[in-house]
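Got a structure for you, written out below as C-alpha cells; questions coming shortly.
We just call them A, B, C and D in the order they show up, numbering each chain from 1.
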Amino acid sequence: MATIPTPSLRAKDYKSQIPPVWCPGCGHFAVLSALTKAFAYLKLPKDQLALVSGIGCSSRLPAYLDTYGFHGVHGRALAVAAGLKTARPDLIVIAVGGDGDGFSIGGNHFLHACRRNMDFTYIVMDNEVYGMTKGQASPTTQPDWTRSKLTPHGTGVRRFQPPAIALAAGASFIARGFSGDPTGLSKLFVEAIQHPGFAFVHVLSPCQTFRPEQRAWKQQVHPCSLGTAEDPARAAELIHRDDGMALGVLYAQQLPVWQPKLTQRTSLATIEEAFRL
Amino acid sequence: MATIPTPSLRAKDYKSQIPPVWCPGCGHFAVLSALTKAFAYLKLPKDQLALVSGIGCSSRLPAYLDTYGFHGVHGRALAVAAGLKTARPDLIVIAVGGDGDGFSIGGNHFLHACRRNMDFTYIVMDNEVYGMTKGQASPTTQPDWTRSKLTPHGTGVRRFQPPAIALAAGASFIARGFSGDPTGLSKLFVEAIQHPGFAFVHVLSPCQTFRPEQRAWKQQVHPCSLGTAEDPARAAELIHRDDGMALGVLYAQQLPVWQPKLTQRTSLATIEEAFRL
Amino acid sequence: MPQELPRGSAASLSIAITGSGGSGAVTAGSILLAALGKAGFYGLMTRSAGPQIRGGESAAMVRFSPEPLYCMGDQFDLLIALDWRNFHRFLQEIPLGTASPVLYDPALGEVPEELRLQPRLERPWKRRAAAIAGGRLNLVALGTAGALLGLPCEALETGVQKVLGHKGEAVVDSAVACIRAGFSAENPNLARLPKPRPDPNRWLLSGNEAAALGSLRGGVRFVAAYPITPATEMLEWLAPKLEQLGGALLQAEDELASINMILGGSFGGMPSLTATSGPGLSLMMEGIGLAVASETPVLVADVMRVGPSTGIPTKSEQSDLHIALYGLHGDAPHLVLAPLDIGDCAFTFQWAVGLAEQLQTAAIVLSDQFLGQSRAILDPPPRCETPLTRLKQARERPCRRYLYTDTGVSPMPIPGESPCRYTADGLEHDERGVPSSLAEDHLAQLQKRRRKIEGFAYGEAWAEIQGAGPLCLISWGSSAGAVREAAQRLQAAGQPTRVILLRLLAPLRRESLKAALAGAEQLFVIEQNQTGQLFHYLHGAQVLPPHARSFARPGPLPLRPGEIVRAVRSEI
Amino acid sequence: MPQELPRGSAASLSIAITGSGGSGAVTAGSILLAALGKAGFYGLMTRSAGPQIRGGESAAMVRFSPEPLYCMGDQFDLLIALDWRNFHRFLQEIPLGTASPVLYDPALGEVPEELRLQPRLERPWKRRAAAIAGGRLNLVALGTAGALLGLPCEALETGVQKVLGHKGEAVVDSAVACIRAGFSAENPNLARLPKPRPDPNRWLLSGNEAAALGSLRGGVRFVAAYPITPATEMLEWLAPKLEQLGGALLQAEDELASINMILGGSFGGMPSLTATSGPGLSLMMEGIGLAVASETPVLVADVMRVGPSTGIPTKSEQSDLHIALYGLHGDAPHLVLAPLDIGDCAFTFQWAVGLAEQLQTAAIVLSDQFLGQSRAILDPPPRCETPLTRLKQARERPCRRYLYTDTGVSPMPIPGESPCRYTADGLEHDERGVPSSLAEDHLAQLQKRRRKIEGFAYGEAWAEIQGAGPLCLISWGSSAGAVREAAQRLQAAGQPTRVILLRLLAPLRRESLKAALAGAEQLFVIEQNQTGQLFHYLHGAQVLPPHARSFARPGPLPLRPGEIVRAVRSEI
C-alpha cells in the first residue's frame, strides 16, 4: 500500500487516542509533547516513524503516539531498534525509555549502541528512580537516597553518568534536555533526529510520585557552557566536569554510521550452485 | 576446619595439576604465571583465594590454579564475584576472563562493577578476538579486521575502549599489562590485589592462533607516560588519548568501597514478633 | 495418612471497598482487616488497582470468618462504594450476591446501571466527614460498615492505630473521629457470623512476607535481586531484616546479575536467594542451569503474574509451572515447589531452602501475586523441623568435589574454611571437576545429579492430602485454597471428596502420588492457567488414569470455590 | 499415507582417520569424502577433536555407500592412524569390527594395547612423504587407503583440488604427488561395495549449511546472532550470502540483543532469524515470549550440544526438547520443529520460516551438533513448495492489530508501507494492542494465540512415516537417521516395522499421530537424551498407550542403529 503524502501535520496530530497512565505532573508528558512538536517541525510522515521502547512508565510512550510502535521487554529497546534500523534503513527509528530500562538492565545495549553508531535516536527519560515498580533506586539515583525500602541506607554506589559513558563508548551525539523546558527539549529532539548516527538525548524528567524533590530541578538546570569540543579527549574532560544539570548539546561529531546497503547482487539459485559436487 | 597457616609458597605452588588447553604460545600462559608470582609475593593463603570466571579460553584459568575457583557461564564472572565478595568479605576474590566475556556479553556487569567498587580484582585477557569460538571479532577488535567469516568486511564498528569506559563508569583502579612483560604484569597484579576497591587490569594477551599479527605487540607497547591524574576529569582526557598500548597504572583513586558489614544485631524470633496481631 | 477433610466451610462474609484515585479504599480495607483480627476473626484481604501507576482507582476485597480462610469467596456480601468513577473496571472482579447491599453516599453520584437491582444503603458520609477537621470519607464509611457488621468500635480504633499510627497523633485522632461518626449512627443489621474466638497470638502478614520469613528460617542470609512486580515486597521486607541478622541484600543491575550473584554467595557458603516474576525468571534460566550443573544450592522465588511476556504484572496466574519444570536446557534435574496458602509460604520456603542446601541444587518456588500480595490473619505458621543442611566436610586433596556417592551428594568445601580446594564448573566434568567430554563422565555425572534429587527421602510434606472419597481433586500452589473449600462444600453436600495438594512438584513423588490416588474414581486436576500445565505434567509422568479431567482457567480473576464445585458437578 | 520402509540398508563402509595435533586427519577425511562423491558414493563425515582449542588431536569419521546414508554405522571397517599420540581419547568413539584392519606406519610407534587383536596393515608413509617436496604423511596415507578401497586415483585428485585448491598450485601438486605415492603401491584388497552410480548433480554440504540455505529459501534476509559452538558455522555461511541477497547479518553483543534485534527486523517486515545453542537459547527465552505475545514472527535455530549448562560444547545431544517446548513463562503457544537429517535441514528450516511468518509467532528449530557439523553427499534437498507468507494487509485505522479472526491470525501492517499504524505490545492487550488487565481481553487473546497455532492445517510434513508393522519406532530430529536404519534391519530380519519421525513437535498433531499409531503393538520412543524428553511429552499429550517404552540415551556418542536394534530386540 503506497503511503499517502503527508499533509502538514500539527503536533497534536501525532498523538494517539490512548490516554497515558502517567501520574498527573509526571515529567514524561512533556517529553511526549516535545516529541510531537519535533515531528511536526520536521514534517515527518507518521507511517515512517517507529517508536521502540522497553518497560517502565517512560517506556509506555510509543502507544501515545499515532505512529508505529514496539513496546517490548524491559531493557531491550536499543536491540529492537538496531534490528529494525538494519532491516529498514528508510524508517525514522526512535528508541525511548527510562533510566532503569536504559542504564540498569539495558546498560550493555547502551554501550554497544553508542559504539555501533547506527542512525537512530535514543531518548532516556531520567527520573533517577524506577517509577513503574514503585520507587527503587536506579543507576542514576544519588547514593544517599534512602526512600527505597530495598536500599534503606541508600545504595552507597556512585551514580551512573550517562553522557560520560556514552562518550567513552563512542557515541557521536550527546545532549541533555529537561521536561520543564519543553521548547528546548523539542529543539534537541529535532537536532537528534537530524543527526546522522546514534543520537542520545538524556532528558531530566521528574517523577512526581516517588521523587517529589525533583521539583527543585527547575531551579538547578542551566544551559551547557562546556562548548562542544570536537576532540573526544577534550570532550571527555568537559563531560566529566558536567554537574548533571547542564542542558544542551554536550557533544556532536560526524562519525562513520553502521548501515549495510541491502542491495541484491546475486540470486539464491547461484548460491545453491556452489553445493554441487 | 581451621586453615593451616601457609608456609612460604613459591609461585609454582599455586598451580594445579591440570594441563591448560591453551594453544602453544597463547598469551594466557603468561597471565597464569604472573598471577602465581603475585600470589607468592603477597603470601596469599591458597584457601582464601577464589578465582571466578566466565567462558572463553582465558576463562579456563581458575582450574589451573590450586585455589578455589568458580568457572561459571559466559559473561557473568563479575556478578558471581560481587555475590561472593558480599557474602564473604574475608576472601580474596579475583575475576578473570576475556574481552568477549567481559566487554561483549558481560558489558553491563562491567559497568556496574566499576560503579559499585567492591574490593576485588578483575583481570581481562584481551586478545581482541573470540578465541574459544574460533576467531570472531570482539568489541576490542579493529573495525577493519576481516578475518572472521561472520564479519567479512570487518565489523565497521569503533573499538570498545576498556580503560575509558571503566573510568566513566567510576572505576577506582585501572591498569594495563602485557603478557609479553611478565614481570611488569606481576607487579600490576600485586598493586591491583592490594588496591582497596574494584581494580581492573586490562591485559594485552595475544591469541597465537587467530591473531598471529599480535606478535607485533612486543614492539608496540610502551610505558604509560600519562601520569595518573587524581582528578577524574583530567584522567578522562588522558585516558581518551591513550593509544591502547600504554602499560602501567592508568588511574588510581581511593573511593568508598561497597561492602555490607554482616554483623548480626537481632534474632529472627524478635523479627517474627512484629507479625503478631 | 491423609488427614480428614475439615467439615463444611465456616460461614464467612466478603466485603468490597471501591473508589477512584485518592479515595482511600485500600486504607479502609487495611484498617478493616486489622479490626477483624482484633475482633477475633480470621481474614484475607486482596487489592486491585487500575492501570495508572499511582493514585488511580483501587479496590480492597476483604473476606473474614471465625475459621481460617484460604481463598476469596464466590461473591461479595457488601459493596462499599467510596465513589463511582471508573467503577466498571472492577465489575468482573466483584461479583455481588443478589441480596448484597450497596453502601454509598448519594451525594457522590448515581449508582451505576449494573447495580440497579441491588439493595441500597445510603449514608451522608461526605457531609459527616466535612464536619471533622481533616475528616476523610473513607473512614466515615468504614465506621458505618463496621457498625453494620457488628464489629466493636474499639476494634476499628485499634485498626486505625495499626495502619495509620506511623502518621502521627493528629491523623489518628481525626481518623478515629471519622470512624466514630460513621459508627454511631448505625445498628448492626447485616448478616452476622458466629462469634469468633479472639487470640492475640495470631499473625497478620502477606504471603510475600511469609515467604521471606520462611527463607530466613531456612538460613538464607544473602539475597541479590532486581525489582519486579509482584515480587518486590518480598525483597523490600527482606532488606532491613537481612541486615539485622548479619546478612545482606544486593540490588542487582539485572536478573542475569542477580542469579549469578547468589551463585557466588552460595559458593561462599551462604544460603542465598533471589526473587522475581515471569520475565525475570526467563532471564535466569541459564544461571539456574549453572546451579544445577555446578551443584551450587540456590533458591529462586517466582512470584507469578499473568503471562506470557510482560502480561499483566499486577494480577495472578499459575502459568509458570512449565518453565519452572522444564525451562532449563539439557537434562537438568532440580527442585520445584509451591506454597499452598499464605501461611504455608513460610513452611514451603523454609523447606525449599533446606532441600536446595541438602541436595546442592536449584530450587524454584512458585508463589504468585495472589499469595504474595494478599494479607491474611492466620495462626502463626509452623516451622519445618527437619534439619536440612549442606554437606561441607571433604577429606581429600585435591578435592573430589563431584565424587560419586550413593546418595549422589558430594562434599562441598567452603573457601577459606577448608584446604580441600576445587574449581566448580558448568562444563561437564569428572569427579574432580576437571572438564571432560568423555561419554562415561557425562553419563556418570548425569546419573549422580539425577540420583540425588530423585532418591532423597522427602517425607510427608510433598503434598497435603485430605479426605478419602472416590472423587479426587488434585491441585497445586495458590489454587489449593479454592480447591480445599470446594471440596468441603462437595463433601458437605454428601459427595465424599479427596483433595491432593502438591507442594513438591519436582521431583514428582510418583509412587506416593499413585498411592494417594488409589481408589479415586473421578479425578480433576485444577489450576489457574490456560493449558492445564499440571495436568499435562502428571500425564507425562503416567500417574493419571485416562479419564482424569483438567479444569484449568487462566487469570487474572482468582479461582473461586463455587466455579470449581460447578465444574466438578457438571462432569460427574 | 505412510511410505514404504526402504529395503534392508545398503552395504556401507566406515573409515576412521585419527592423529594428533597438526597431523591432518580432518584434511585427509575431507579429501576422502570429496573423492567418494566424485566416485558416485553417498557419504557422511563427522569429526571429533580433543579438548585443546586448536591444533589438538583430531579424528575424521567417514561412512559411505552407493545408497543415501543418514547416520554413522555401528563400527568402523578401517582405522587409519596417522600417529598414536592421545589415540585413547577416541577409543570410545571409534568402535572397530573384530576383523577391521589398522592401517599405519610402524615408524610412528607402537600400536596401542587396545588394538592388539586387530589385523594390521603397515606402510612406510613417513619415508615416502619425506621423498616428496612438501610431502605430507596424511596424504600418502590417504592414497594408500583410497587404493585399498578401490577408489580411482582421479577421484582422490579431484578431492585434493576441492579441498586444497584454494591454497595454490604448489600445494596441490605436492598433495597429488603424495596421494599417488601412497596409491601406486597398492591393490584394492578391502571389502568392496556394489558399484555406485555417479551423479554430478549431488550436493556436498553440512547440516548447518543446509539449515542456512533453507532459511534463505524461506525468505530470511535478516540475521542477528552471537557466536556459539556448534551454531557458528551456520552464521558464518550466512553472513556473505545475506549480503549478496540484499539482506544483512548483525553480530550482536549477546543473545539478549540478538533475539530482540530480530524482533525489530521482523517488525520491520523482514523475515528474521537467529541461531544459537543451549546456553544462548536459555538467554533468549524472554525475547521468544515477547515474539509470542506481540505476535512477531521469528525463527530461532538451536543447534543443540551436550547439556546442561555449558556442558560439552563440541558434542551432540537432543536434550533441549523440553526447554524448546516449555521454556517460556505463561501460556505461550509457539512452534517447535526439528530436521530429520542433513538434507532435511533445508526443508525443515524453510518450512519453519514460512510457518512463523504465516502464524506470526516464534518457531524454534532444533538441529544439533551432529546434523550441523557433519558433511554429507546427498541428492539436492527438495524445497518446501507450500507458499506461506505473512498477512500484512490491514483495512482499518486505527489498526486492530490483534483482531479476533477465525484463524486467529490478524493483519500485521508494515511500518512505512501502510497507514494502519499500531503499537505492538508484550503486555496483555485488547484487539487494538492497548494494554488491558481485563479478564475478557486476556482470555480472548490467549485463545486467539492458541487457535492460530493449533488450528492451522500443517499438511503431511509434520512427520515422516514409513512402514506399517506392529512394531513402531517413534523418534525425532537427528536420531531419525539411526532409527530409520535400525528399522530397516529389523524389517530385513523379518520383523515388520513402522517408523514415525516427528518433524513438527509443537503443536503436536495429536489426531494424526494417533492415527499413525493405530495398530502398533510395541512402541519405542527413541531419542538422544537422558530423561526421555519426547517420551514424557507424548505421554503428557495422551497419545501413547501405557506399554510404550522409552529408549533414551544421552550424548556425547551418536546413537547407532545397532544399539537401537539390540534395545528393541531385548524388549520384544
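As a convention for this text, a residue touches a chain if its C-beta (ideal position, glycine included) is under 8 Å from a C-beta of that chain, and two chains touch if they have at least 3 such contacts.
Note that the structure is a prediction, hence the values are computed from the model and not measured.
Taking the mean of C-alpha positions as each chain's centre, the chain lying farthest from the centre of subunit A is D. Judged by contacting C-beta pairs, the busier of the interfaces A-C and A-D is A-D. Inter-chain spacing, taken between the CA centroids of subunit B and subunit D, is 38 Å. A straight line joining the Cα centres of subunit A and subunit D is 42 Å long. Between subunit C and subunit D, the centres computed from C-alpha atoms are 44 Å apart. Contacts with at least two other chains are made by residues 51, 243, 253-254, 256, 279, 286, 289-290, 294, 309-310, 425-427, 435 of subunit C. Shown for subunit B are the residues in touch with two or more other chains, namely 73, 75, 104-105, 107-108, 111-112, 139.
The touching residues of subunit A, when paired with subunit D in their complex, are 1, 3-4, 16-18, 46-52, 60, 62-63, 65-73, 75-76, 79-88, 90-91, 108-109, 111-112, 260, 262-268, 271-272, 275-277. For subunit A in complex with subunit C, the residues that touch the partner chain are 21-24, 26, 55, 57, 73-75, 104-105, 107, 130-134, 136-137, 139, 148-152, 155, 209.
Interface of subunit C with subunit A (complex): residues 51-56, 226-229, 232, 235-237, 239-240, 243, 249, 251, 253-255, 279, 309-310.
Across the complex, subunit B is touched by residues 34, 37-38, 199-205, 209, 213, 216-217, 221-222, 224, 241, 243-248, 250, 252-254, 256-270, 272, 286-287, 289-290, 294, 377, 380, 393, 398, 415-419, 421-427, 433-435 of subunit C. Those residues of subunit C that touch subunit D in the complex are listed here as 51, 89, 92, 256, 278-279, 281-283, 285-286, 289-290, 292-294, 306-315, 317, 319-320, 322-323, 325-333, 425-428, 435, 437-440, 442-443, 446, 450, 529-531, 533, 536-537, 539-542, 546, 554-557.
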